[in-house]
Amino acid sequence: MGSNYLERVKVFSYNLISLTIFIILWFWVARWQASPFFASPAEIAQGFMQMVTVGDEEGITIFMHLWQSLIRVFSGFGAACVLGIPGGLALGLFPFIYNRTRIIIEPLRFISPIAWIPVAIVLLVGFTRYVFVIWVASFFPIFITTLWSVRNVNLIHINVARVAGASRWFVITRIIVPATLPYIAGGMRVSLGISWMCIVAAEMIGGEMVGIGRLILKSSMMHRMDLVVVGMLTIGILGYCLNEVFIKVEKRIFRWRAAVSID
Amino acid sequence: MEKELIDVDLSMKFDSLSVLENIRFKVHENEFLVIVGPSGCGKTTMARLLAGLQKPTSGHVTMRGESISPKVHNISIVFQEPSCIPWRTLWDDITMGLVIKGVDQSAIKKRAEEVIKLVGLDGFEEYFPKQLSGGMKQRVAIARAYATNPDLLLMDEPFGHLDAQTRYLMQIEIMRIWEKEKKTVVFITNNIEEAVYLATRIIVFSKLPARIKAEYRIELPRPRKLTTPEFLGVRSEVTEQCEVVER
Amino acid sequence: MEEKINREKYKTLGYNVLTLFLFLAIWTLAYWLIKSPFFPSPLMVFNAFLELLIHGDIEDVKLGMHIQQSLWRIFGGFAAACILGIPLGLLMGLYGRVYDSTKVLIEPIRFIPPVAWIPLVIVLLVGYFRFVFIIWLGAFFPIFIGTLLSVRGVNPLHIEVPKSFGASRFYIIRNIVLPSVLPEVLTSMRVGLGIAWECIMAAEMIGGERVGIGIMILKYAQLIRMDAIIVGIIVIGIIGFGLNEIFIFVEKRIFRWKEVVSI
């Protein structure tokens, strides 16, 4: 117990040291390079302050960019959950449907969501464009993990219920669904990560005014490298936080499981 | 007559949890020493200390006067958990110790064939662990441990995961092997019947923190029968000391 | 018994072919009903495919050329990711201290989607290296983290066996750690390749090259030529699927010991 605590303090301080060394190195390289393309940490901090208070060249603050991106991600993600989870459950319970339509599902699955962006640009306008792209991106991981987890439910657990005279409905709601939930949550976490990547690409290609992806591309076109890095860091930190929150929730809800994977 | 091989005098703590307290005993050459104790009493820690895989918090484990270490001494250990290396064929697994010790090719071949026959696995040389049953896997582990002709053979509840039938057959087998190639064995178990069946000497550990509670010399003639009055007498005598085990 | 399994297989195959035909039929029917320039028929898509294959696109670049370029870029970046990611993952897995002490730097970078780097890379790099860098970023982290975690996941008992025989550190790394992590390294390479495939699409669309399967789709999106877009999407799906299958095939081939074979 005592040494465990000590170990944590140690790891924490080591991390602090590496961070400091990294920032000092960065400073040093930035001064040595003295290039407009290489922003120093101080410039980035200034850029961040500007983004918070004034906003970018068009007066849009970082919160507005983030807010837009988040709304798009979560709408698409929500749609993917609403369709993917019941769809996966259904095809998992009736495997013959999946087996007989594989020829269509499998190729669709391997089309990168980013390849759908041009389609979305042609067929859809505004908000629905992004929702569609995010939906495509997050649907398959959720759908496939759900399907797969239904097929891998421990047969013993099902048989225990069956022997006790349970109805099909009981088996589905009390055995299969709880057993698959942790996997579904894992699939959701994975697809949230993919969505986060796709929204950035979609915003860059789709040509909206507001959105964190747009902010990065716009700033890079104006050679405001400090703002580019601010945008990137914001995305990284937010993505990390979303992931952590998800893991925390998973750990909380599925306490009965032995362990939740780390990544 | 009895030559001392190993001298143990140690205490072991994990953080503030005391596991082994003032454990003091000797191991003599060619004896079959069995350590019995309730589960979770630090027997596995004892095995790891004897194998030199861990250092005691205080005290020492020495072999012929030198602090014990696998790099210096010729020790083998059979673990409780299945320990076959999944990507190695039975042959590669059994010869591992010999290769590490730097034995030359022809000697490796001869010795490996010998031990494989000894444990009755001939014909399975090219099999992977996945293709073997639980009992066979444990026999591979035993053969691997035997192959290097160790000065000390440690067995940490080696039959703990086997079913009663296999376990019984393995006990007969280990006795047959031991009588053929007299080795110094330290065998750890929580099964008193097994202990009395195998041992020349038994050391009884108490529950946590473990101390030595009693010591018995077993002089029943071999092969021992589990049902003779003499056997049952010794067995109940040991059992009384370990009341914790058989609740 | 075997005959029955075979029959079942043929039956599934038959149903799959039937589903495909049904799908095409519905598609054609929808085309007749909708009659929109945004909705081509399967035949039009097939014609566009032939045209792209034989005559090339509007700039006379043939489909094969686009595919070749994209694959060549992926190859460069993916190879770089493997060369750096696998040894670094092994190293940090073996010396856990290093990773634990620099986590604060690695984690946020890991969570910046590779796509977000594209604008920065456009400013800083030119030509082929742009793509190599982006692909490298995309594939590096899955490979690196996968390798690292797999080293940490080596069964400690498998290490103690040779240790108890007095084996050297080198022997243990070569004979226990490496073979034990290899399957997981290969799996993470497969994941990395999948992400690389996503990134190349985005990079080509944003990076403004002339040749590449991603830019081909975007070119036709600007012309609102849905038939050619669909050709591109299908090609992307098939290549992604093919790359994945190759990896799975190799994995199954090499790791015979992983398969469950009972006597």
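In order of appearance the chains are A, B and C, and numbering begins at 1 in each one.
Here is the rule we use: a residue touches a chain if its C-beta (ideal position, glycine included) is under 8 Å from a C-beta of that chain, and two chains touch if they have at least 3 such contacts.
The structure presented is a predicted model; accordingly, all values stated were derived computationally and were not measured.
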| item | value |
| --- | --- |
| Leading chain pair when contacts are tallied as C-beta pairs | A-C |
| Chain whose Cα centroid lies at the greatest distance from that of chain A | B |
| Chain centre separation in whole Å, for chain C relative to chain B (CA means) | 49 |
| Where chain A and chain B are represented by their mean Cα positions, the distance between them in whole Å | 51 |
| CA centroid of chain A to CA centroid of chain C, Å | 18 |
| Junction residues of chain B - those touching two or more other chains | none |
| Complex contacts: residues of chain A adjacent to chain C | 11, 14-19, 22, 37, 99-104, 106-119, 121-123, 194, 196-198, 200-201, 204-205, 213, 216-217, 219-221, 223, 225, 228-229, 231-233, 235-237, 239-240, 243, 262-263 |
| Residue ranges of chain C in contact with chain A within the complex | 12, 15-20, 23, 38, 97, 100-105, 107-120, 122-124, 145, 149, 197-198, 201-202, 205-206, 214, 217-218, 220-221, 224, 226, 229-230, 232-234, 236-238, 240-241, 244 |
| Residues on chain B engaged by chain C in the complex (per definition of touch) | 51-53, 69-72, 75-77, 79, 81, 83, 85-88, 96-97, 100-101, 127-132, 144, 148 |
| Footprint of chain B on chain C - complex, ascending | 157-158, 160-167, 171, 175-176, 179-180, 255-263 |
